[in-house]
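Handing you a structure now.
Chains here go by letter, A, B and C, matching the order in which they are written, and residues are numbered from 1 within each.
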Amino acid sequence: MNLKGQNILSAKQFDKKSLLELFGKTVEMEKFLNKGRFLKSASGKILATLFFEPSTRTRFSFESAMLRLGGKVISNADMMKTSSSTKKESLCDTGKVVSQMADLIVMRSAEVDAVAKVSEKSDCPVINAGDGVDEHPTQALLDLYTVWKYRKSLDGMTFGMVGDLKNGRVPHSQAYLLRNFDVKFVLVSPAGLKMPREIVKELLDLGVEVKESEDLFLEIKKMDVVAMTRVQRERFESEEEYMKYDGSYVLDKNMMKRVKSDALILHPLPRVNEISVEVDSDPRAKYFEQVKNGVALRMALIDAVLKG
Amino acid sequence: MNLKGQNILSAKQFDKKSLLELFGKTVEMEKFLNKGRFLKSASGKILATLFFEPSTRTRFSFESAMLRLGGKVISNADMMKTSSSTKKESLCDTGKVVSQMADLIVMRSAEVDAVAKVSEKSDCPVINAGDGVDEHPTQALLDLYTVWKYRKSLDGMTFGMVGDLKNGRVPHSQAYLLRNFDVKFVLVSPAGLKMPREIVKELLDLGVEVKESEDLFLEIKKMDVVAMTRVQRERFESEEEYMKYDGSYVLDKNMMKRVKSDALILHPLPRVNEISVEVDSDPRAKYFEQVKNGVALRMALIDAVLKG
Amino acid sequence: MNLKGQNILSAKQFDKKSLLELFGKTVEMEKFLNKGRFLKSASGKILATLFFEPSTRTRFSFESAMLRLGGKVISNADMMKTSSSTKKESLCDTGKVVSQMADLIVMRSAEVDAVAKVSEKSDCPVINAGDGVDEHPTQALLDLYTVWKYRKSLDGMTFGMVGDLKNGRVPHSQAYLLRNFDVKFVLVSPAGLKMPREIVKELLDLGVEVKESEDLFLEIKKMDVVAMTRVQRERFESEEEYMKYDGSYVLDKNMMKRVKSDALILHPLPRVNEISVEVDSDPRAKYFEQVKNGVALRMALIDAVLKG
């Protein structure tokens, strides 16, 4: 699959071959990153970031990637407050207009499908940097890259996802990517925050083994990857419902004793208290390294979209 | 007229010769734009954007232009919320201070004359990117460039302006630029939103033919250029007054049937509903192409101001 | 003292030798600035600016410095509104995360010690661009550089500080830097806004001559440097207390008659009315030139931190 000129809207777009190609390219980008040199690969190109939902981490990651590739950046960190969206311009028009001034758009929105709408009339490729509870494909890409980097393969693993799998866009994108590999899923979440039925059904239809559970203590022992996400209090129907789970999805030193010795702990960050600070120094904790991998992965992705 | 080191505060500053020079330079810049290469013309120079009134489109256009010229950008997208203006620094001081750190300032404000105040003590040139209901000279420049690009001349045309000509800063700047050419004006607006009397008087004193009307349906047939602008509901004195005009200044497929076959439709964007989406694919519709022309025009202007 | 890889959190870190080295380096940077050329010294490096308290002036100064050094910038002008700090990420995590994407962090905060917290886990150096009422080391550095540039020495001078010396972070940092030189202090402030006792005690313990007073009219005659700061009305306990001082710390043409003919007037800006506009043209007024010196000083500092 040639990514040149393609929109990157969903993790569904990637097949195994394109993922492995992207990961190989990311390895190359990491080498340049570590040398601390700017490339010239994106020279002449301008990236526009349109963040309708602010996010320093993701915006910085894309901007850092583009700048390191030798491209340049025009940036709107808070579209809701500082743009024509307040003048009621349609998202289609916004995409059409910004694409006259840029060669690539990276967009985040709190609304499902908003990124797709911007891409509709855009004359340049659009990358989804998170669209509501829908997807966050590049986060899932860097998650899997981090695993692949250590394991050299994704096949044969048991991939655990923990937390709010209903509203978490990262687990959704992870699931779509992982369909390409021979993995088992262990999905641990409160009863009301389970992975959407259609995603689970798709996996089952493909013959994938999926275990759903509410019990992290029990299931964590099986996981080769523990992909954590936040469980937000406001997602629960009642305070009693929340209290039932309070603390049970917290990864602390005690819980880490139950985790496989060669497992990898992932988290898209920011974390609040779902991973204790005491875990940070554990060699299995990869969530800060993921941030750095994310710059390299996005360099590879941008390069592929701009140049093929 | 040599623009080197000049503030660009008003469309009044331009005579025919300087406009044609600028348009010629813009043609060159468009070529570079289309090649997708960064120039080195502004290497060593820093542009500061100071937007007291947020605008993604105009800010991106200037920043994209500066970056493509090889210059760099420091940017404040929302001066009202993130600057010393909240600490009550005078605009004169702001200009003096920022000009110690930049080689060029591009500023937008909701207040008439604010840009002029910033330019007063500035040690570097200041470009007006819109100052309240006063002017928006670079938008008018790119409007006329778009016409000139297709017609190779502005003389002999009937230039129609439609919408809120009282509060629209773009029509004001267009009028000042068009004084340099042999054009007829057809000004179509609600009775309470007519072009300011002093501008009309100036045109008449120059011997220019000016027709004012409230009837777009009637007048649109005469226009070689249809320069649309938004009519905002809140500008009307009463709901009844607004309802009188509601819909009558909307350019839709039906209205387009009355437009000359070689006319050009302009709009500074964002549009809300004053031009129907169905018109976008009409070859006469140039409002999205204008955005791209705007980058090239601003490259030419910045280059002229920095280097002459 | 080699600054390579060091955090710059406090003016206390600098000794006389390192200050004079930095000033020497700043002279070189000023030469490049005046030539209007970008250097390549910071090529391959990315600066992240994290402003939890917005400030156009200081942010622009650091960004302009980094860009002129050939580095690139990723910028958050308003962390409180557009970042994960709203999702309750700890400052330690923020530092750790951003340092995976950047080679240098410049941070401002309204909270004392917030910058230190970000630096704790950061994998790259962090520069304090103002942390609450605590310190603003780079402002003090450029203040002293400005004096040194004109006097070629700081020894033997009487350094006057005027205004709110209690809450003003700049006077605190100035005092820490000036301990390295043979200067006398004249500290002029309202009774309730005096320099913190611990700073005065430190100076006295070092054998430094410190005169504290409420009477600018009397003391200004002795000063070789008049370092002004704002006195904010809301700092006073009552309106009566404020009125006692109202106007008495205003530097106007009359007050300037009492200032030594070769004295230097400094101000970190923005000023409101504590220095009259009529003073701006006085050759002793250096507060606008300071802004330009600040870019050169920060170029030298960033270069020293990145390369040693």
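In this text, a contact is a pair of C-beta atoms (placed from the backbone, for glycine too) under 8 Å apart; a residue touches a chain by one contact, two chains touch by 3 or more.
Since the structure is predicted, the reported quantities are computational estimates derived from the model, not experimental observations.
Trainee: Going by the stated contact rule, which chains contact chain A and chain B alike?
Mentor: Looking at chain B and chain A together, the chains touching each of them are C.
Trainee: If you list every residue number at the chain B and chain C contact, are more than half found on both copies (same) or fewer than half (different)?
Mentor: Different residues, largely: of all residue numbers at this interface, under half are found in both copies.
Trainee: Which whole number of Å gives the spacing of the CA centres of chain B and chain C?
Mentor: Those two chain centres are 40 Å apart.
Trainee: Touching two or more other chains, which residues of chain B qualify?
Mentor: Residue numbers touching two or more other chains: 75, 77-78, 81.
Trainee: Mind pulling up the chain B residues that touch chain C in the complex?
Mentor: 43-46, 48, 50, 72, 74-79, 81-84, 87-90, 92-93, 96-98, 100-103
Trainee: What residues on chain A touch chain C, complex-wise?
Mentor: Result: residues 35-38, 51, 54-57, 59-61, 63-64, 67-68, 73, 75, 77-78, 81, 269-272, 277, 288-289, 291-292, 294-295 of chain A touch chain C.
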